[in-house]
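Next come two complexes built around subunit A: one with subunit B, the other with subunit C.
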Partner chain A sequence: MFCLSELEDTVRVPPHLLNGPLEDAIKEVLQKLFLDKVLSIGLCVSIYDIRSVKGGFVLPGDGAPTYKVRFRIVVFRPFVGEVIAAKFKESDSNGLRLTLGFFEDVYVPAPLIPTPNRCEPDPYNRNQMRWVWQYEGEEFIIDDSCQIKFRVENISYPPVPIERAEDAKPFAPMVVTGTIDDDGLGPVSWWEACAPISDQD
Partner chain B sequence: MSGEEEENAAELKIGDEFLKAKCLMNCEVSLILEHKYEQLQQVSEDPMNQVSQVFEKSLQYVKRFSRYKNPDAVRQVREILSRHQLTEFELCVLGNLCPETAEEAVAMVPSLKTKGRTHSDEAIEKMLNDLSLVKRFE
Partner chain C sequence: MKNKIVKANAGALTNFEVIELLNSRGASKDTSTRVMGLKDKVSKSEYKVYDYLMETAASTQTRESVTTFSDKCKDFKLAKAEILNIINLRPSSDVELTPILEKPDERGIDIEGILELVNELLPPLPTVETLEETEQEETENVEQEETAV
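Take a look at the complex of A and B:
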């Protein structure tokens, strides 16, 4: 979920930003530093506000002032056990990949898909496999037709690789493993028959 | 967060610094990011240049997954949920997922039923009822 987190950091403001208000300059530098970066507290999505600014000293040999800034950021931070709504992105023989748009590294490995199930080549998409849940004689396909709720099982922060192969997937600093094998989880269409939901899309 | 105690939101073991950090519901983040977007639009002619990918996509996500759109409704939701001895985390999960029944609520937030907590099914149903009233006056 999203959290508001207060941080303190030393911020160097390049002189070309000093024409306008100081707070705007500092916000711009903070945005470059933190937006879309994974910190220990989560993925930073926006700078919320600046609480205090101190300093403004120019260090020897530098042309720019440095400030000590207290500020708050909005971070996306999943918790183990939390239920999150996401969309289907792709699937292969290892399992599913879900996306939140701004965060695309949610994986549901095969063992966490409800059984019995089967995996078959996707008739609409030659390169992909699709997963089908078999329940009481009915077949439920897992695809992008509606939102999918998953529960966070694990979050990992792989270390930055030193060398990468040419065609390796882009590095993911935060990887969330989820499960859809429980009541209320998986595509919402599986549960719509049970509880009437008024304005689902 | 210490590595010794395993994190598990189902039992509400989520690290001290998160119990202090203010958790935000998707609808609250939606208001925050929309406001920032408007500010950017006032300042420059082409805000999309400055608005990074992650900002835009986060805005898309929270807009799509918020049940409550107007600021008064959002405030009311937080107010209603705050009256029920919930932690920030539980409050936000309920505000995000809007369960219809007490059974659904407990499935999504198992910590409601841990030992020593006073959340009867009736109390949970009452809370969900109050929430559903907010939606009607959107």
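Take a look at the complex of A and C:
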């Protein structure tokens, strides 16, 4: 789910940060620059450490030193095939949308919901459609009652749109597509009755 | 400003390691101490990650339990990514474990053995309420100890 990436950047440290240790000042600038941002490698979560700091030149006409910094950051970048527990966010006729709290662009499209299924208007929420998996005469509803496990199918980084339709959803720079069409995936309550291993002590 | 990606993948982290990193910065479960100011070292987005992780199995793990588990997993012919996924999810039954593994039948993986190892070494999920009172007390004690530290 998380991994480390090593980056190099030229960082301008504003003078008001320079009264403390340099490393802390650089870390603060880096945090402002990268945290909660999506790069081509994933969503930046936290600055891990600073490997090296070089330079410290004051460029002509500038009132602050500029450093060349090599550092490592923790990025959220799930790998294809990874199973992750998420929470239900919303669903419509196209499929489900799940959330991890800090990352909300996990989509489960309709073809990756276990079949046979049907999509019906949600009796509790007029704006929403809900999905029901029909299995051996029983009906399993997908709702927000418990955690939902999904397996990562694909991660994409859509290009920033040049034009935006008025009713378009907010732009998501990173989209994870997941599947719940396998044994053990989907809402955790579906599988709770399935032969839990008893504690052997 | 342009940044350069030196190494896109410098190693994977388990959820536990991310919690440990945020803990070392002073993140805590106590919401009252979270003042979002300039001096605050843990940012809002980091706290969102922290809150998510505290609900996962990683919140009760210790460095010792994770390392012994990954060492012992080497006997099972598992891929590194699969071991990582098992540590993050802590599957407690057959049906939870199989979606994590790729074609476990063809590779002849000892699922029972892995589950036993998980039960033995990794502490249970914080949300799972075990029926046995002794176990419940144990997990509570662990949590208290952690908050005390």
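Going forward, the second predicted complex is superposed on the first by the 192 of 201 C-alpha atoms of A that agree within 3 Å, B and C clash if a C-alpha of one lies under 4 Å from a C-alpha of the other, contacts with A are read in each partner's own complex, and residues count from 1 in each chain.
Everything that follows uses one rule, which is that a residue touches a chain if its C-beta (ideal position, glycine included) is under 8 Å from a C-beta of that chain, and two chains touch if they have at least 3 such contacts.
In this text the structure is predicted, and so the values were computed from the model without any measurement.
Bringing the complexes onto one copy of subunit A puts subunit B in a clash with subunit C.
When the two structures are aligned on the shared chain, A:T10 is found in touch with subunit C, with no touch to subunit B.
Of the two partner chains placed around the shared chain by superposition, subunit B and subunit C are both touched by A:G101.
The larger set of touched subunit A residues comes from C, when the choice is between subunit B and subunit C. Applying the stated contact rule after C-alpha superposition, one finds that A:R70 touches subunit C and leaves subunit B untouched. Contacts of A:F140 after superposition: neither subunit B nor subunit C is touched. In the overlay built on the shared chain, the residue A:V45 is in contact with subunit B and with subunit C. Overlap of the subunit B and subunit C interfaces on subunit A: residues 1-6, 31, 35-36, 41, 45-46, 48, 74, 76, 79, 81-83, 85, 100-102, 149, 182-184, 195-197. Subunit A makes touch with subunit B in their complex at residues 1-6, 31, 35-36, 41, 43, 45-46, 48, 74, 76-77, 79-83, 85, 100-102, 147, 149, 152, 182-184, 195-197. The touching residues of subunit B, counted against subunit A in their complex, run 6-11, 14, 17-18, 21-26, 28-29, 32-33, 36, 52-55, 57-58, 60-62, 65, 89, 92-93, 96-97, 100-101, 104, 107-108, 110. Interface of subunit C with subunit A (complex): residues 1-15, 17-18, 21-22, 25, 43-46, 48-49, 51-52, 56, 81, 85, 88-89, 92-100, 102, 115-116, 119, 130, 132, 135. Subunit A meets subunit C in the complex at residues 1-12, 31, 33, 35-36, 39-41, 45-46, 48, 70, 72, 74, 76, 79, 81-85, 100-102, 149, 151, 182-185, 191, 194-197, 199-200.
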